[in-house]
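What follows is a pair of complexes built around chain A, which joins chain B in one and chain C in the other.
Our next item is the complex of A and B:
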């Protein structure tokens, strides 16, 4: 009986699988194939199978250091989102306010505004003629505008602003799933509030922390808009370089090679993360 | 405390709990004797769990004082009260092994490693689950998990064991088994236990004292037989089992018994007498299990009072017992529960009911 119906899950999955195949797998394959092509001096793309584009990437430290910076900024974004996200997530899980659902919707509210607009709006706040400089100048606290934009700090700020909800929601879900009697049980056995948090709440929220961190890392490492809008040339990340090569200089083969390298590295990190921290284990413990 | 007695381990004086404007517990006084098993019994929302949580220190009381071992504990935090707490859903730490779960409380009591090992092993033997130290809670069945929760609570040698509906997550058969086990364990170890439940059978079978509650108020306090056989009001009688209630009026006294006239005009005799005036309006209550049901042709030997003819209206077979709904001549229906007999009655059978005067209780009109 089971065998007869074994086609059913596949039938039900087929619309999703079709979409993933045509809109994700096929384009990715195109990119991979393109990364081996040659670019003629005339600007033509010539089908080929050679590793010139990859060799070019590793020819000097310019591109590899860009890759390392991308990873570093992504890790910084993870650390900041974690620090800034845990407390609100904890608050949402513990609050008995009637407005709890409303508060959670507020966390999602920024998604309703285009990310470009959100990133651009920082220019009005932090820019040379922005709100903060305007006030400080009016108050004569400074004589020349402070330059707060176009550095790694402003890029990180844009990233964290974009990624924080993902972190908060992931941690919130795992905190919410913790049996409400565990902390009282720990306290009745002799724990203070803080000890109970360390013994029970924190370890049981790690699946959410872990899932949120992975999501934030992957999204940050592939990010393209915050460095473009809020960063200077020295804050460029890998995705910006892809843009520059593919759209700027129309060098599709090299742009593809950069994409494949970024994709490969992130894939490797996710694989290692899964292997050693065990994502499947994480989901098991969330039952 | 002036009225403190040595053997009263937990005392509540005028304890009130309000959540915003909602009163959860109203002026509660409670004295719990060392070594006894006291049950707080009542429907959900009656305040029984709130009382338990206040004793544990998980809720503050709005007014009044709580004493443990004669010491006022209102301002003592949970972790310093030395109480064992058992929850309905076991509340074992899912990420810790059984060993670490049971050892948890000892770790915070500066007990040496070797001593912890010894005491954990002993506690697991006490709950008859030796050898599961290295498993995780999810690998055990519900009943086993509740036993581990029990081991975790008793291993710290608490002054009082607080149990919040500990058996209601278990299925029927297991519940009965665990009920016995908790009862045995409690008398074996002699730990004072406060047990919260809405299950009257649990309360009746385990308790030394039952406190019946409703809407945050104590209705009656007494031993299981007392609250079952001599309920003080309609609520207590109804909550503890199947009852027949009839409005009635005292008509006098005869042959040393109180006579009452029930709504339908019939006269019943009751042994219960608290010096009521003739004409007083009361409620007559008879437990369904106390009514004797016989076929019309049989004589009920040695009985001359409170005998009424009736006709079986419907019957429910419940295995060990049968429920009969018997229609009387005046149209009232009496619920009688009898042990299943060889020749049970059927719908339409003419029967005789005997309501022993001993089991006719008179309570205030509801």
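Our next item is the complex of A and C:
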């Protein structure tokens, strides 16, 4: 009887596993294999097994510094999303408004509009002739337009705009799962409102914070469009460099090596996260 | 062989629909169709039942709109052949798509490509075909100066038909920079300290190295002092507000006055001027010129391709497309009368000789691609 049941989860999972295998594992293996190949001067790929592409990446500090910048910007995006996302998530979890569901749908509203359109629209708001500069100039608060576009700030803003819903929803789910009696119980034992939050709510919401942070970090580290549309000359990230090598110079082997290094580093961070914080914490936020 | 089978299946399908074929016989023919999938090509051979079509990839926006309106729609009406349009953002992206398709280039037929060095790249990768020129009588109206560089690469034969001319020149905001000042600065407009944070340029390595060569007084097709070029580009990087990546972005940056000076595609500037924006166009000596051509990819139905290419080279069609795209056609003005609207377009040459137009030497630039593109990426990133 037990044996009969043991294959059922696998049978049910098989369509998803097949899709993951063919659309994620196999392409990733292709990229890994390509990273050892060579590029002919005409742009053709030459099968080989050599580490020249990896050696090239670490030959000087250009590519590693780009990698570090990518990680730094991703961490900044996590910090900002956390700061900006916790309060709305807390509000959604605590509110007893009958419009609560509508408010949560509003969080998802940006996903209904293409990211490219959302990013491009910032040009009309933050640009030299954009809305903010127009108003400030009209009010004579500034004499020349403020430069708000094409820098790391605008890239971060684009990232946070894109990633904030992921953070809010993860924290919200975690907060929503906390026993509603715990805070009144803490207060009845003498805690102030702030102490109850600090000692009860905050620790119990950490699985959601962890899940949101990990998700935001991984998505930000692999981002391509925000630096391209909203970034300046010095805001290139790793995904942009992969694009340049694969598309710009048709150097698939080197582009693949860069991808594998980025994948490896993110994998290492996720592994360390699991080792010290535990991936299982993420699933707690969904219970 | 495959054409015969296609014909038979189409006939069987028609007869079945008309009730002249029993279900049993139709199933039999269908089984033949299944067995013939490999010969027919395409997903499950259903293309056999579809009408004749040919794929044409171009730059999108006003360029594709002009092709659709003045070339493809009338061609479809006249011949019944459907032109299926695709778009690409730049030539590198498109070449990657071709390389990634299986077999490479097999899903694609005709492409509106720029620059002879890319013609050489496609040929080098083995994606070329040989055009039967006798099937394109309108080729005789095309400028010899545009055919010559292509023939040189493919041993006197053609794998593409030249279609229009253009330049990557310099655009400037006339409210901020006078015409006299722009002409005095020439290529230096892209390196002018007083325009710091108001300079833009295409984030493509060839264009920027080309203009840095002009700025440092060198021949872009034979750069002798490369260090001077890198030094100039490093200086420029500190002045640049945005390295743009598409024609739409270029137009947006200029129209919104985010930048006052930039490298720019001549047709896009002409479009901005037509819209009334205060944008001037500057083509200093040895401006980066390029020719666009329609490349026929390997595996294409050559009869249909030649039919469409000949139609597109009809003076009436080519001139209408040129007026809409704002790029002069490849037709020789000494053989075909050009209207004033075309004569006014940037890069138009009434002599048809193209003397004084400097094109990128394909062998020279293709040999530098990896080294210079990577160096350029570093400079662009501030390294």
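Everything below uses one rule, namely that the second predicted complex is superposed on the first by the 281 of 287 C-alpha atoms of A that agree within 3 Å, B and C clash if a C-alpha of one lies under 4 Å from a C-alpha of the other, contacts with A are read in each partner's own complex, and residues count from 1 in each chain.
Here, a residue touches a chain if its C-beta (ideal position, glycine included) is under 8 Å from a C-beta of that chain, and two chains touch if they have at least 3 such contacts.
Every value quoted in this text rests on a predicted model; they were computed, and no experiment measured them.
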When chain B and chain C are modelled together on chain A, clash or fit: fit
Partner chain in contact with A:28 - chain B first, chain C second, else both or neither: neither
Which of chain B and chain C A:181 touches, first, second, both or neither: first
Winner by number of chain A residues touched, once chain B and chain C are compared: C
Chain B versus chain C as contact partner of A:127, first or second or both or neither: second
Partner chain in contact with A:192 - chain B first, chain C second, else both or neither: first
Which of chain B and chain C A:14 touches, first, second, both or neither: neither
Touching partner for A:95 - first (chain B), second (chain C), both, neither: neither
Three-chain overlay, closest Cα atoms of chain B and chain C, distance in Å: 48
Overlap of chain C and chain B interfaces on chain A (superposed complexes): none
Chain C contact footprint on chain A (complex, rising order): 39, 41-44, 62, 65-66, 123-124, 127-130, 147, 149-150, 228, 232-234, 236, 241, 244, 246-251
Footprint of chain A on chain C - complex, ascending: 92-93, 95-96, 99, 121, 124-125, 197, 205, 237, 240-243, 245, 252, 256-258, 366-367, 369-370, 373-374, 377-378, 380-383
Residues of chain A defined as touching chain B within the complex: 179, 181-182, 184-192, 195, 199-200, 203-204, 285
Residues on chain B engaged by chain A in the complex (per definition of touch): 56-58, 77-79, 81, 83-85, 87-89, 91, 93-95, 104-105, 108-109, 152-153, 156, 162
